[in-house]
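For reference, chains read A, B and C in written order, and residue numbers begin at 1 within each chain.
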Amino acid sequence: MTTWIDASCILIVFFALSILATSRIVGMIQIFVLQSFVLSLMPLFLHANAISAHDLLLSFGTMLLKAALVPFVLFWAIRHISMRSEVKPLIGLGSSIVCGALLIAGAFWVSLSLRLPGRPETDLGLPCSLATVLLGFMIMVTRTRAVTQVIGYLVIENGIFLFAVSLFDAMPTLIELGILLDIFVAVFIMAIVLNHINEEFEQNSDIASQSKMGETF
Amino acid sequence: MILSIFFHWFFVCLTAPFFLGVIGRVKAFASGKVGPPLLQPYFDLGKLFRKRSIYSRNMTWVFRLAPAVTFAAMLAVSLLVPFGALKAPVQFEGDILLIVGVLALSRFFMIAAAMDTGFSMEGMGASREAFFACLSEVALFMNFITLALLAHSLSLSRMLGADSPVSWNLLGPALLLVVASFFIVFLAENCRIPIDDPDTHLELTMIHEVMLLEHGGVDLAYMFYAAAVKFFIFAAILVPIILPVQTEYLCVRMMSFLGGMLGLSVLVGIVESSMARIRLDRVRNLLLISFALAFFGLIVALWRG
Amino acid sequence: MILSLLILTPFLCAVSVLLPVRRMFRVWMLCAAAVAHNAVVVSFWFRLPPAEWNGYLVLDPLGLIVLSIVSFLFLFVSVFGIGYFEHEQRLNRTFMTCLLLLLSTMTLVTVSYHMGLLWVAVETTTLFSAPLISFHRSRGSLEATWKYLLVCSVGIALALMGTFFLAIAAHDVRTLLLPSLLSAAPLLSVNWLKLSVIFLLVGYGCKMGLAPMHSWKPEAYGQATGMAVVLMAGGLTQCAFLAILRVSQICFKTGLSDFFSSILILTGVLSLVVPAIFILAEKNVKRSFSYSSIEHMGILALGLGLGGVGIFGALFHMINNALAKVVMFLTAGSIAQKYGSSRVDDVRGLIKTYPVTGLFLIVALLAGTGMFPFATFHSELMVLNAAVISGHYVLSGVAVLCLAVMFIGVSRIVLEMVHGQPTEPLLAKKENPFMNVAIAAAAVALVGLGLWMPQPLERVLREAAALLGA
């Protein structure tokens, strides 16, 4: 099973890197779905010997919320917002990829000095989750569109979740579900705010301000 | 020794064009056509070898030399690569550097020949080839470094051979990244879709093919043959990484090698028929991703090391 | 049972106001919920309720202080709301629902005794407070909402990371229940705990609006209605501070106090200096009050960081800050409603047009900047006192200077608004008794606390400070 766990960790970072390298918003969301899907399988891989109801619930909950509902809300939001589908990065995609590679190296370097207590299933959980969080920050900071910032936030959350899932099981189910639900509601509210912003622009019908808002929001 | 070298060459030259035929067949099948026979590349080569080359007055000896050097370089590289049960006739510590170097030499002569024609389209293709090569070579080197770290050796035969310590159970995560990264390099170096389209004949979008526009007859045949051998060599490096069969039976090893080659060719065919060529400015990003993956693989290898 | 009920009741009220009912019914519903909530909370001052949910919900003296602050803020706001919504014609369904949900979740924050549950509760408060900012649906308010959501969400994400680090530090304890963590403090792994403390401080500090993470504050406070700002500046930020206090409890038990204090003092000083710089260029009374709010957060962090009498001062300042925020932002809100703006160019000569509101604005100035006889003066003095006692002379000098600059900056705007050449109110409206009663009650309470500290309050403050090691 270790091979599968390791492969999932690597894949999650790889997807984060791909989101960073993608130039279309729809593509970003699709890759995010893949990432969330792999993430939701992690609890099952980790406890493959004895899958408990808790693992099933967590896995199913993650899959439902992150791989289905959240992308649905995001797609709903971009359908309602008349914006072009190209991502507007502050720094070019090529430089983003190189920076992303360096961030991954940084995450591994930091993890060298952090010793985990107990015997975790995989030693890749910590560095990969840190790398995903850093890449999420990178997406958030270097992309100017509002939707892409939300995606960056979600990637950060996925990284934190990878950390939580792969390293310990001290959290009660209820808290874990609370966290999941909170993230979903956060995205939902962000989508609504985005929609309001869009309505506000359409009412103003000032072409100049509209295009400007499209850039910053 | 001499015998094994000649046998190696014989094997490469005999089988290499076949896999190009497989790709063509898969692509034809995917688009609902019957397609050319599997041996079509051999027929093409035979036809070209019977023809005479034509040179313009502006061309110098560089242009005439290039096909021979390119083909010779590919044959030289093939000596360093093990093919399944066939051990590499030449192997020593650090031969991966020689491989990359000789590949670069052949590329240098191709580019020089393209510039020598004085045809603007060829110059454009040459510049593109040089630019993308810069990126793909870095990724290639990164992959080799990772493999070297995993195998504790700088010799390609130790990295890939049956006695190599590289296996999925132990080194899965790093290998996964190496395979992914190498596959992109493999597509880029062999000018396959989505990086370059070997079948297109629109000069503006071509990268590799546009450099061969002025070649004809035997020269073109050499170039074509060299491309087939290059494809074979890269596949022969990739296949043992994916399928590290460690068994005493030579027959099984050879079968798994050839089966892997066939599978990889089919995979390339599927990729080619399911994807469109990406925009030229995106090629850079794809190669950078390949580099990032290789770099990530290196980090993971160091982490596990 | 009683704690769960206290959380559930506002939640049910929120569901009821979601239904298509009359506008004023929602306001009265808010009043009823606030009064009931308040009555229960006051009863807690005589006897603390038992733990619930296997120790997940516990009310301790620290929680009691914040819970009372939240409860009283809602009382003031709901009374103010009666007057406000008589004039406001905008649909208030989302606003009122979110307000009630906020009451419910803020109550949950104050009684959570599990670090994971605490995180969930704080995150939920962020979500329900965001729609409050965009009540006016103007372009500026939507921008402010977006900024608030994004900054706070990222901050809260960091706090989640910190919570997970804490769980790793507490690997041998195998739970994040506060009493277990505190009793097993020597078992915690120090390196992970340090990392966790940094993340938690940055995360909850974002929510609190401490200096490097304060950027959302002027926007959000400048755009939201007065009622919402009161709850955010007085309630939400102090709920986040409660989370930091919980971290402080753990640090105190594990002997990380020095490490923790140094970070707190650093952010505290930054939160004093940064707004003092920005206030001088400000033209909007709400935004200038928001800088003052950052300053107050700095005082809280400073007091907690300095320890000793500073902790007592910080806890006392939480109460005073909340009351001062009621006076400041409800007054600003009532001005904004009357003039349709809170910029100094549009609002002048308040004392002639609206004498009572003008007077309140002067009171808000004095209360907000910590003048005698308002209680803010005493609590700020306690924190400064702690700085001097612990030998941080330069720091106390800088703090006094910043407070002075802040006073100048705010009074410059306020005095011009009160005494300048009168401008015509955009939407001429009379003074509303409900609005004025709410503001006056808070002001009187603030003066009262400044002159006389009730016995039970002092006892609870001492107990709470003892939990933090003072």
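Operating definition for what follows: a contact is a pair of C-beta atoms (placed from the backbone, for glycine too) under 8 Å apart; a residue touches a chain by one contact, two chains touch by 3 or more.
The shown structure was predicted, so the numbers you read here are calculated from the model rather than taken from an experiment.
Peer 1: Which chain, with its centre taken as the mean C-alpha position, is closest to the global C-alpha centre?
Peer 2: A
Peer 1: Centre-to-centre on C-alpha atoms, which chain is most distant from chain C?
Peer 2: That would be chain B.
Peer 1: Let me have the rounded angstrom distance from the C-alpha centre of chain A over to the C-alpha centre of chain B, please.
Peer 2: That gives a centre separation of 36 Å.
Peer 1: Could you tell me the distance, in whole angstrom, between the mean C-alpha positions of chain A and chain C?
Peer 2: Chain centres of chain A and chain C, defined by C-alpha means, are spaced 31 Å apart.
Peer 1: Report the inter-chain centroid distance for chain B and chain C in whole angstrom, where each centroid is the mean of the CA atoms.
Peer 2: The separation of the two C-alpha centroids amounts to 65 Å.
Peer 1: Which residues does chain C have that touch at least 2 chains other than itself?
Peer 2: Residue numbers touching two or more other chains: none in chain C.
Peer 1: Which residues of chain B touch chain A in the complex?
Peer 2: Checking each residue of chain B against chain A gives 168-169, 172-173, 176-177, 180, 282, 284-285, 288-289, 291-293, 295-296, 299-300, 302-304.
Peer 1: If you look only at chain A, which of its residues touch chain C in the complex?
Peer 2: Within the complex, chain A contacts chain C at residues 114-118, 133, 140, 146, 149, 153, 156-157, 160, 163-164, 167-168, 170-172, 175, 178-179, 182, 185-186, 189-190, 192-194, 196-197, 200, 204, 217.
Peer 1: For the complex, give me every residue of chain C touching chain A.
Peer 2: 114, 116-117, 119-120, 123-124, 126-127, 130-131, 134, 137-139, 142-143, 145-146, 149-150, 153-154, 157, 160-161, 164, 167-168, 170-172, 174-176, 189, 191-192, 195
Peer 1: For chain A, which residues are in contact with chain B within the complex?
Peer 2: 2-3, 6-7, 9-10, 13-14, 17-18, 21, 23, 93-94, 97-98, 100-101, 104-105, 108, 111, 123-124, 127
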